[in-house]
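To start, the structure itself, in structure tokens.
We call the chains A, B, C and D, going by the order they appear; numbering starts again at 1 in every chain.
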Amino acid sequence: MSVTGVLLCVAALLGISVAAAPNSRKPWANFATYGACALVCAAALSFAVAALIGSDTSTLILPLGLPWLGMHFRVDPLAAAFLAVVNFGGVAASVFALGYGRHESAPQRVLPFIPAFLAGMNLVVVADDAFAFLLSWEFMSLTSWALVVSHDRSAETLRAGLVYIVMASLGTLALLFAFGILAGPDGQYAFSSMRAHGLGADATMAVLFLALLGAGSKAGIFPLHAWLPLAHPAAPSQVSALMSGVMTKVAVYAFIRIVFDLLGPIDWRLGMVVIGVGTVTALYGVLYALMQHDLKRLLAYHTVENIGIIFVGLGLALAFRANGFVAAAALAATAALFHVFNHSAFKSLLFFGAGAVQNATGERDMDRLGGLIHAMPRTAMAFLIGAAAISALPPLNGFASEWLIFQAAFLSPAFPQWGLRLLAPASAAILALSAALAAACFVKAFGVTFLGRARSDAAKLACEADKISLAAMFGLAGACIFAGIVPGYFTNLLAPAAQFLTTARIPAQPLAAPWTSLLPVAASHNSYSGFVIAACLIVATALASLAMHLFANRATRRSAAWDCGYPDTSPLTQYTAGSFAQPIRRVFATMAFRARETVEMPVPGDAAPAQFRVRLWDPAWELLYAPVAAAVNFLADRINVFQFLTIRRYLGMVFFALVFLLTVLALWT
Amino acid sequence: MIPIAAVFIVPLVAAVVLALIPVYRIAAWLNVAAALLTFAAALALLVWRPATPWHLLLVDDLNIVFIVLNTLVGFTTSVFSNGYIAHELEIGHLKPAHLRFYHAMYQVLMGAMNLALLTSITGLMWVAIELATLTTILMVGIYRTHEALEAAWKYFILGSVGIALALFGTILVYSVAQPVVGDGLPAMTWSTLAAHAAQFDPAILNIAFVFLLLGYGTKAGLVPLHAWLPDAHAEGPTPISAVLSGLLLNVAIYAILRFKMVLAANPATIAPGPLMMALGLISVLFAALMLYRRRDIKRFFAYSSIEHMGIIAFAFGLGGPLANFAGLLHMAMHSLTKSGIFFAVGHITRIKGTQKISAITGLTTSHPVLGWIFVACVAAIAGLPPFGVFTSEFLIVTTAFAQRPWLAVILATGLVISLGALFMRLNSIAFGEPSGDASPDRMSVLPVVFHLGLVLMIGIFIPGPVVSWFRHVAQLLG
Amino acid sequence: MSALAFDVSHFLAGTIVLLSLSLLYQDRLPPLINIFAVQSLVLALSIAWQAQTQGASHLLITAGIELCFKAAIIPYVLYRLIRHLKIHRTVETVVGIGPTMIAGMALIGLSMALMMRATSGIGEMAREDLAFALCVILLGLLMMVTRRNAVSQVIGFMSIENGLVLAATGAKGMPFVVETFVAFSVLIALIVIGVFLFRIRERFDTVDVAMLDRFRGERR
Amino acid sequence: MIATVFMLAVQAILVLLLAPLLTGIVRTAKARLLRRRGPSVFQPYRDIFRLLRKETVVAHNASWLFVAAPTFVFAATWVAATLVPTFTFDVGLGAAADLIAIVGLLASARFGLALAGLDTGTSFGGIGASREMMIATIAEPAMLMLIFSLALVAGTTRLPDIAFFVQSPVLGLRISLLLAFVGFAMIAVAENGRIPVDNPATHLELTMVHEAMLLEYSGRHLALMELAHAMKLLLYVSLIAVVFVPWGVAPARGSLMQFTTAFLMYGGKLYIGAIVLALFEVTIAKMRVFRVPQFIGVALMLGLLAALLRLVSGGL
């Protein structure tokens, strides 16, 4: 039943995009399109949640696509969980765009594609055979590409689009091969038949690596992430939010579907591989982010980091499952899924905030912003909550899911294999490191953007975002707080999906207030209660302010900043993104990015300004992309001479081909 | 009997008439009418296949596919050229006399190709293909510019040599068949050839196939025999580029397939598959890399045609029902998409007044409808869903992967490389600051939209009859 | 058929191959044309002989066309051409005569090796003819590839065609020989006309060497 | 329920009252070790009350965040400190937050503090914030590794259980515990901005870390910040005390006798901790900011080492 509902929603979305195409310039187009999208996504969301609660599986086969195969669709708990995430993000983005989209300069470039994009993502999640899956997958890529290049006047937007589409098709081919192996020689492309027959060890490994390549390139695992920080900033903000908060999750879904569901039992070593990949991705993602001064690019890199965290969780789940510790596996899987939801919530929120800022100031470069908390206090509030959530601070949701992942990592002593025993805590430590770095990064992002004094006129003249956008932001902020305070609700909701993956579930969380706390596994009676923490914080705050009110001197005077007695300095003396990150850059980036600082001091008496430069070296780009691009260019140049040969030479080619083939005949027959 | 004859008689008659009509408007419409009539006759063949008295002609599931496709694209192209050529006259690229010649030649080309597809006699097919080649050569040179003349000349020389090789192959086939099935026509008829191929002398049959593959492969533009193709596409009138890419290449492939079937019927011969796969892969990689340095938009898409011919050759070389099915599907999809692209390119070059890619930018801004149609076309030819090319490429790559993984990987590499090039150019053409004037496009985009619609339809839903029919053909091909 | 018949046709076909070898050897244009004329003449003879032995009278037409068209008209036109273009002295070979001859020998060896694999599934006669025809064709191609000179390339192409005709007439009772042959002669005529039309000074390479750069503005 | 709230209140008030005293003891001890008389151990109380009486000056550019931050930082630190067992295992809400959560709460407090430092848009606030966050980025993973090594020993990350387990006779001397202890101490030094990482007494511009963030604060805001800072120190000391020397800590529902002894012992532990800290501070010099990472890196290494040892040989 739910699958039918979702498919109807998809059809409705496609209808909306078709209807929007000709009318996108009309004044009401924005409202109508996004309103309709929001409603349809809400409907799909309700279907998904219903399926999740009922943990029922419904399938449907339509006579489309390959005739002898048909198009299989299915909604099982896993799909339902991700449908919920996708459509939750869809609703949020649509509502935000109701307000934000009105400032869109080229609506005809955005309106028709957003519903199609949403439809594509929904289709990927419900697809139940390789053809339908890849069809919707590529459709998703194509529509999102169209959205990325929607502001096509700037060269780097187009470059971003190119890198994105090439990476996307590369990933698709990798997935195609993965399915090719899974389908076996007789091409059984329905997932049901893929589940049926198992694979050898080598084939399993090949599929896992192909899945990492295919799904990972879309999700943005290091070093395949390069398209992500290019494409996300280029798109309009609601699209960035969708791509960063939702589409990457669809990629994670693809990975889970292939590796957990279709692939069957997996060797623990492969689990180690996934953990390792996730760890490296998390660390590099946040380090990249710290080096940025473009707000949206910074957020994009944080997506990379969080994808890494999710993959660590998944890898732990794989490893536990391979060893038969289903309870621990369920814990890790639940943690990963919970983080998937959390990330989509706060990342969308943050991109909305960035969009509001860009809208108000026309700037994405943090070093030209500052002091926005005065001009746009509500936006600042929402952004602050998102920043705190993504920095894994209690009592918000980011902390809850990372806490669960840590708890899963703490079960590593149970592993019989040394490798895992050592790797799991190490990766936990690196996750903690990346969480701390993330906190630093968002102190930087929020501090430089919203606090301090305006660094440019654009920032001075900013004004608050419109009501609807704010509503969307605060809605998401509320979701972050709610999921942080009563994570039990969500883990219970996600339990069927985790059970689908690991045949076990974490204990049902006691939801009787006020002891709504998380109990990962019965064995180690650890627990965490966001609710109690939040309550205590509120009480403590109340008491503190009350005490201040009663006992303290309430007189407050405004005056110039003390600043160690320096006279009022220009805003340019404030810490910028670069200077804030300098200590961390010194500590980490010298190794990670070969960061080099050069200072050029003019000779004494020379009035020229001193110049400070930082050179960073992007390993992913330098070691992976640049060589490939160079190789293609080189070959293209070499081969290009064949366009300019003389007719005689072309005849020569024919002649030699003939003689060659004849010789082959003469020798080998 | 009537429809069969009509399929190639109508065009030939129309050619004579068109050669006599001085008024180009009437001629253009007559051209459309004749093409439509031919298409109707071809459709009639779908339902009713009369036995031909003397076995010169034959209609079976294999060539009906090609005939219907051929006449269909021929019709849409005539509709397109109706608007296009008129404009050429206005801006003085062509004189009325040229137009008469053009229309007549167009019909001759159609008739020749249909004959090549219809006839059951190897020799006759050779003659028809040579005729088609000559007409296209003349049309390529129609602009009389130095570039056009050189392109025509190149095409002429390489084509003639290719034709010569093909003829020798045909003679060889005859001379191995003659001792078995006796003198005269039977030794040149598909049916008898396929029937008795088992007794033919394998060694000479091998040699024959090499010659035929290279001879007709030259027509199909397989690397390294492709040299004529890009320039011919770039310098000729756009409708002819569409017909070349969409149809003539298919006819050449068809010829190769026929002989492949004969060869396949004789177990003692070499397997033609590997040869075709090798040529196909070479073509794909070569063309994909060549795409990066192209600056002329028509030559650019000509190379993309080479790439797709490579894919098709690869698919048929792979063999097996699924791969053959995919090959047929890909051929149909490519004809529709590529001719559609050339229509769109015709519009574009006309609007922007140049074929230089660097001089064409911001199309989606200056002409949104045409621009997005073009984007859709390129996405389709790049093998992105929801278009039919995706379906066929999905089948080809997966079947190849199941049988020969490494070849599939090579093929996939070629696909990605070419996709990169396609989108690199698409970026600069469709997006960015619009160049040239934004004067509205007066020509109807109906033909393009029609092709695109078909491709889209196949991409999502392939009608049952088409499937069963293609499958039967795939079985035939073995 | 009688041994004599076989020997005669064998002799004629062999002569044709020898003649194309000497075409390959000859580097000055006037003798080249002469040799070609002789080759066509011999070919006409052999066709006539085939017509006589196979009792296929329509081959006589072919022989006739061959005789007057390829052995008389074309050579005459070519003479006119080279005098007109004042290139009757020039010699342009890409690789020297020696290597070319060696390559030619190798090609003959190759085609023999190929054809002799044929089981006697086809007639001894036809097999011989096909072998010789293959030689002639390959040698013609070799000539087209190794000569820069337009005229010698045309001659190379026409000798290819001679090979084709030899094969066609060798194949017993092949239909459409005349038709295809006529169709092919049209090609030849067109090529020769083309050479006139474009007033190709030297080579097929391009209509006008200087154009290559202006044309296909694709030089990077 | 009632008992829980009661215990919670007791804890809260206790840490609130003891925190300044601890700071005072450390200061006095340092002064004495430097042959100065130094202020009375109650000086911190006086300071706080003085600050509360003064009017509060807020920079023109300061936003609501600047004003709200002290309360938040104070609250977060207070809650965290309340959740650490001091003289009894029954913290009331031990189930609500394990060690990770406590670290998280401190991180929240730091987040607010750093933002407050950036709010006025002065370069000194920037210095303080960026350095503080840099230190935290290494201190937190180190902390987690130490927690992990404890969890390996005790099988849980809940403080009362860890302490209870360490106290229980089944556990002999564990080398990994020793390493963990050193690591904890180093992190405590770093996190509380003591010498050699930071100098709480200095206002010399370029060496400030913690003080630089408080630079713009005055009056009641400053009072809250100072109090929070003091509580943080108390937190770490009692954390180390309860984890590594849990003896004498009263069990839940213990008798009055037990509670009193436990309370006295707790006081003793605090005093010893203060003296040790003072000794440490006077015997070592402040290090350059960019050597701090190495310093805390050692703690991280110790944590890893402790975990490894624990993993390699279950017996140790």
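One rule holds for everything that comes next: a contact is a pair of C-beta atoms (placed from the backbone, for glycine too) under 8 Å apart; a residue touches a chain by one contact, two chains touch by 3 or more.
As the structure is a computational prediction, the values presented were derived from the model and not from experiment.
From the C-alpha centres, identify the chain that is farthest from chain A.
Using the mean of the C-alpha atoms as each chain's centre, the farthest one from chain A is C.
Can you compute the centre-to-centre distance for chain A and chain B, using the mean CA position of each chain? Integer Å is fine.
Centres of chain A and chain B (C-alpha means) sit 44 Å apart.
Could you tell me the distance, in whole angstrom, between the mean C-alpha positions of chain A and chain D?
35
Can you compute the centre-to-centre distance for chain C and chain D, using the mean CA position of each chain? Integer Å is fine.
100
When the C-alpha atoms of chain B and chain C are each averaged to a single point, how far apart are the two points in Å?
Whole-Å distance between the two chain centres: 31.
Can you list the residues of chain C that touch 2 or more other chains?
114, 117, 141, 144, 204, 206, 216, 218, 220
Hey, what residues on chain A touch two or more of the other chains?
Expected reply: 637, 640, 643, 647, 651, 654, 658, 662, 665, 669.
Residues touching two or more other chains, restricted to chain D: which are they?
none
What are all the chain pairs that meet the touch criterion?
A-B, A-C, A-D, B-C
In their shared complex, at which residues does chain B touch chain C?
Where chain B meets chain C, its residues are 121, 123-124, 126-127, 130-131, 134, 146-147, 149-150, 153, 156-157, 160-161, 163-164, 167-168, 171-172, 174-176, 178-180, 183-185, 187-188, 199-201, 203-204, 207, 231, 234, 293-296, 299, 356.
So in the complex, the part of chain B that touches chain A is made up of which residues?
Residues in contact with chain A: 153-154, 157-158, 161-162, 165, 202-203, 206-207, 210-211, 213-214, 218, 224-225, 227-228, 230, 270, 275, 286, 289-290, 292-293, 322, 362, 364-365, 368, 375, 379, 382-386, 390-391, 394-395, 397-399, 401-403, 405, 408-409, 412, 415-417, 419-420, 423-424, 427-428, 430-433, 460-462, 464, 467.
Once bound in the complex, which stretches of chain C touch chain B?
Of all residues in chain C, those touching chain B are 114-115, 117-119, 121-123, 126, 130, 133-134, 137, 141, 144, 157, 160-161, 163-164, 167-168, 170-176, 179-180, 183-184, 186-187, 190-191, 194, 198, 204, 206-208, 211, 215-218, 220.
Tell me, which parts of chain D touch chain A in their complex?
Going by the criterion above, the answer is residues 8, 12, 52-65, 71-72, 74-76, 78-79, 82, 93, 95-98, 100-101, 104-105, 107-108, 110-111, 114-115, 118-127, 129-131, 133-134, 136-141, 143-145, 148, 151-152, 155-158, 161, 203, 205, 215-216, 219-220, 223-224, 289-290, 293, 300, 303-304, 307-308, 311.
Given the complex with chain D, which residues does chain A contribute to the contact?
So the residues of chain A touching chain D come out as 370-371, 373-374, 377, 380, 384, 388, 391-394, 399, 403, 406-407, 409-410, 413, 421-422, 425-426, 428-430, 432-433, 435-437, 439-440, 442-444, 446-448, 451-453, 515, 517, 524-529, 532-533, 536-537, 540-541, 544-545, 548, 551-553, 555-564, 566, 569, 571, 573-575, 579-584, 586-587.
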